[in-house]
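Paired with chain B in one complex and with chain C in the other, chain A is shared by the two complexes that follow.
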Partner chain A sequence: MTARTTITRAPSSGGVPPDAVARRPRKLRPGFVTMALGLPVVFMAIVYVYPVGAMLLKSVTEPKAGFGNFTRAATDGAVWEALWITARLSFEVAVLTVLLGFPVAYFLARTSPRRARFLALLVVIPFWTSILVRSFSWIVLLGDGGLVSKVLEPFTGDSKGLLYSESAVVIAMTHILLPFPILIIKGTLDQIDASLPRAARSLGAGPIRAFTRVYLPLAVPAIVSSGMLVFVIGLGFYVTPALVGGPKQSTIAVVIAQSVQVNFDWGMAATLATLLLVLASALTLIVRRLTKVKGLVSL
Partner chain B sequence: MTERAGTRRASTARKSTGRDGTATDDTVQDTVRAAEADGAGTDGARADQVVFSGVHKWYGDAPAVHDFNLAVGEGEFVTLLGPSGSGKTTSLRILAGLESATAGEVFLAGRAVTDEVPERRNIGLVFQNYALFPHMTVAQNIAFPLQMRRMRKAEAERRIDRVLTMTRLTEFRDRYPRQLSGGQQQRVALARAFVFDPSVLLMDEPLGALDRNLRDHMRLELKSLQRRIGATVLYVTHDQDEALALSDRVGVMHQGVLQQTAPPDVLYEEPVNSFVAKFLGQSICLPATRLEQGEHTVVEVEGMAGRILVDRRNDCASGPGGEFMIRPERVRIGAERPDAAARNAVSCSVVAQVYLGPQIEVHLRTPEGAELQLMVPSEARARFTTGTSHWLSWTARDCRFLDGVN
Partner chain C sequence: MSTIDVSAPGTPNAAGGARPARPARARRGRLPATRAERALRWALLGVVTLVFAFLVIPIVIVVLESFNSADYLSFPLEGWSLTHYRRFLDDPAWVDATLLSAKIALLAAAIATVVGTTAAWGLARATGRGKGPVFALLYSPLVIPIIVLAMSYYFTFADHRLIGQWPVVAVAYSVMGVPYVLVSVSSALQQFDPELENAARTLGAGLPRTLLRITLPSLASAISAGALFAFVIAFDEAVIILFVAGNDSVTLARRLWDSVRYDLTPTLAVAGTILIGVCVGLYLLSELIKTIRDRRERR
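Moving on, here comes the complex of A and B:
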């Protein structure tokens, strides 16, 4: 490329002044671009495309070709039960994290940038601890005679913990996923022009109506998308429900693990994983569409 | 930071004590002028829509606004002009209720609103960045203040249609703000601010975000709209052309102090201190000392030989020390010393010449070392080559003796 540009600079190049041709930015060598993009592509292919492809393939080939696994799953009450539990847990966690996260995000967006940076760090720090550790600590806290039951003893009358119940799973998952809505919503609230609520006030809205009519609608896309994200991540949660939940809190991920580890049924595991993937993708697309129709900022 | 705030505070304090006498004079002059303007108008005496009375605003121990007094009559267009940080926006916000005054009172349509929440002040506010609600259409944005006032739907629709027509936005009523150009957004902000008949329209650099051409165009549009609806406007800008072109009266602000409030021509012709003189248009300002005060004030100007006569009415300085000031276009340039005894005259030579197209900027220096710049039509540039000597002269009526405020 470079070589040819130099050659066309000859008198034949007509009205174009030679300078303009010479100053054209040099193209990057194709080799460099290929390398820079190629490595991640190869990496993604190995750790992402291949496993997902293999999973999809196994769901229709293991133990024999056809949709046998899907009919088996569709007729299995335990699978429906697990799907329902998973969806319900994830929904509860999504709602809770958004409800708890919004005020925090609002405060972070309103406070001085310096303090906001420090507090945001506190929000992020738990991320650096593994989910396993955080789930285990909830076992200690929520167990019989644990801190939570002790604190609640005067009200409940006994020292029985919440461990191995749906509440325990919801509490632990909410704790683990809370940073997502906080950070996502804060990101959007930071973008909201501070003069908008002021304009609303000057136009006759009280503080509450200025918030509900102007501020909140602008935060809705972030609220919805962060809730969505938590919901989708929640669908795939395995460690926490397995550790702090009981048999009644068998999420679809727990059932998948059982298929592999207990029943050695790779076909069923792949089928359930495929169902989960389709479910999560479909939900993402639906919510995306819904929020776009309302003319709100896209996700 | 602290140091700077401290210096500012000290200088403000010094100024306010030093100017006490003149400040009162200004206010009196001002009232007289306002009365004259009223008499000239068709509707006789007008009630003051906006009154600031002794308003102070401190941020911590840094003064943002110092003893701010201003009255805006009904239908009047008053502009606060000043560099950034001069307290003009703060004053506007205090009136809107978005900031609280540390001391003083604010009145709207004769009602004390100092402690009123912003939503009950009935003020139309236009922000520099328009602050249109991005999730509402043009019509919904304009409907917002009407909905907040629980206006009946039919009446609201009628009003929205009317302001849309006035601002030529009818065809854009269902667009979202992001689908509009800057000028159109500006008109929506304006329509939204006056659709509910506010007692006063406050505008904080409303044209600041537009490019130069559009700005000149919107300026005319703004003025004609204001005349049509007869709105009382308090306008804030740092652009002197804008202030002079739009306003019935301009208040020049500096370091939290309202320096002078007057109609544009008076402000330009009769600035009360050197800050106003320098901030508005070109001026020659040189340190000077008052020697006598009689029929004329006689001053000695630093770097000028002999005594300079200043008309008594043009002596606004509070003490013997101050600044001599004259507009460059009032200086006559000649090759010979003028005969007329009434004229002040100094000789000087050309140091440099800058060619600016229609005019040249001539840099001159007196033998005693005072430097000044004049504009000369460019066809005369051959006469003003470097090193040539000239006589500058002016009448006592065209020059002024002012307090030095920097």
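Moving on, here comes the complex of A and C:
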């Protein structure tokens, strides 16, 4: 990539123009490109890198310098509890979104492009709806006497809702994160050559065998990476567990918010945020190694 | 679990050929569907329908609740009325919050668009090793857990006495919009032939003039799509604002959060409907722009 652009545009963007004729109309360019990259970098350094860096620093300086916060966090049972709940919730949501998302992605990849485009809209619209609004909606749906409890009443025998329980959080988070696996897996399925499973069948494999031995293996990378992506995003969830879950669903993000709002313990909040950032970045790097995640900004 | 048991074996049929909508007819050149296959295909259709219902119902519920005539959230609705819209519009607290959200989102989108577009052009024209880290820096707000950003901005705002100042909130939000603008404009720049810029410059135009008259117009739709996303992100952001709002920057999302916590009324559903309407409306607008651009390109 770099080599190619260097060759084709050497006179225009190289540091030293090869001759004076090429230089005159183009001498502005290197300076312009540097500025076009430099100004955004300076902007991000001030309003993004600085605040995040200051926050990271607080984990070892607030209230006094040293790793006291980290040892405090490591010996705090509530922190371990929150980490375990966060990981468990994210894992459950990741598995559910992939299980529900794969059939939809498969259907979208197989149906006519026109219908797929319309149905994809039904996937993307919830994606662009505020997480807060969707959590609020699940409060209505899952509350006592809500729609879900009414549907389940013949089976459970009472009209008690699921609200403020782990299942409530899992359901709401699954709803919020489901678009990711659908769109990512569909992107991969779109590229699988439809003649491959057909070839398998004409060679004597049954439909199920052709699917599991030929089609599915090609989709596995997308399935795994989208599951991991959902897991990583789920780790940082705050609004949904805070609104739909009860005290037992205190995820790491909820604990972070509480240490600031209830305990005024900046050091602990910064420490847990640092941990979360390190964990999420490491997992994100792994996911990106596995696949390039695109397609949510423009379908 | 049961979902995948039904759907996964159901999926091979379509791989075998015919679309799920027309199970009985085996199409030319493809293997005829067995009875089991047809059953599985209907099962797939059933699962997909249920998942789509799961995705869409919570959104529809919020909109329906906003027209509820009862003073409490109930489903099915007690009756239809616009009472809660009137209540919403008569309450300066809600109206001011909505206007503030719009103001913040506009400023945030403007900043994100300028920064993201400049950086995208710089990255497309630059050669050398700095590109990777610069892209990673500008892209990273998309993957950083939002609670980590919230802590960073809360600490920084508190340290510098910026809590409650809406322009500063908008600047913080613009950081989250930058990756969307960057990705959108970068992908458009990949389609854009840099030789057009060189041609204009050879013909005597200076670089600023070239960028303004040649480059920017052909990127217009990608830039506006990115700007719309940045606006939507800022308009319904609901985590950072919980910490940095103070008394003077209560946005619509923040007020919605407070109300969800303290009083669940259908007025909330009105606020939710406005959030849905703005975000979905803008998303559809960006899709429309994209469709028009695609048509024009095909011509």
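Couple of notes before you dig in:
Everything below uses one rule, namely that the second predicted complex is superposed on the first by the 244 of 299 C-alpha atoms of A that agree within 3 Å, B and C clash if a C-alpha of one lies under 4 Å from a C-alpha of the other, contacts with A are read in each partner's own complex, and residues count from 1 in each chain.
The rule we apply is simple: a contact is a pair of C-beta atoms (placed from the backbone, for glycine too) under 8 Å apart; a residue touches a chain by one contact, two chains touch by 3 or more.
Computed from a predicted model, the values in this text were never measured in an experiment.
Counted by residues of chain A touched, the larger count belongs to C, out of chain B and chain C. With both structures placed on the common chain, the touch criterion links A:F91 to neither chain B nor chain C. Of the two partner chains placed by the overlay, only chain B lies in contact with A:P217; chain C stays clear of it. Once the two complexes are laid over each other on the shared chain, residue contacts for A:F70 go to neither chain B nor chain C. Applying the stated contact rule after C-alpha superposition, one finds that A:L147 touches chain C and leaves chain B untouched.
Judged by the touch definition given at the top, the superposed model places A:V260 against chain C, while chain B stays out of reach.
When both complexes are overlaid on chain A, the residue A:A199 reaches chain B alone and has no touch with chain C. In the superposition on chain A, the residues of chain A contacted by chain B and by chain C overlap at 198, 201-202, 210, 297.
Those residues of chain B that touch chain A in the shared complex are 96-98, 117-125, 127, 129, 131, 133-135, 144-145, 148-149, 176, 192-193, 196. Per the touch definition, chain A reaches chain B in the complex via residues 193, 195-196, 198-206, 209-210, 213-214, 217-218, 295-297.
Residues 2, 5-6, 9, 12-14, 25-26, 28-29, 32-37, 39-41, 43-44, 47-52, 54-55, 58, 99-104, 106-107, 110-112, 119, 121-126, 128-141, 143, 145-147, 175, 178-179, 194, 197-198, 201-202, 207-208, 210-212, 215-216, 232, 235-236, 238-239, 243, 253, 256-257, 260-261, 266, 269-270, 273, 276-277, 280-281, 284, 294, 297-298 of chain A are the ones that touch chain C when the two sit in their complex.
The residues of chain C lying in touch with chain A in their complex are 1, 3-4, 7-17, 19-21, 30-31, 34, 37, 44-45, 47-48, 51-52, 54-59, 61-62, 65, 73-75, 115-116, 118-119, 121-123, 125-128, 130, 134, 137-138, 141, 143-156, 159, 171-172, 174-175, 178, 180, 183-184, 187, 194, 198, 201-202, 204, 206-207, 225-226, 229, 232, 236, 238-239, 242-243, 253, 256-257, 260-261, 264, 268-269, 272, 275-276, 279-280, 283, 286-287, 290.
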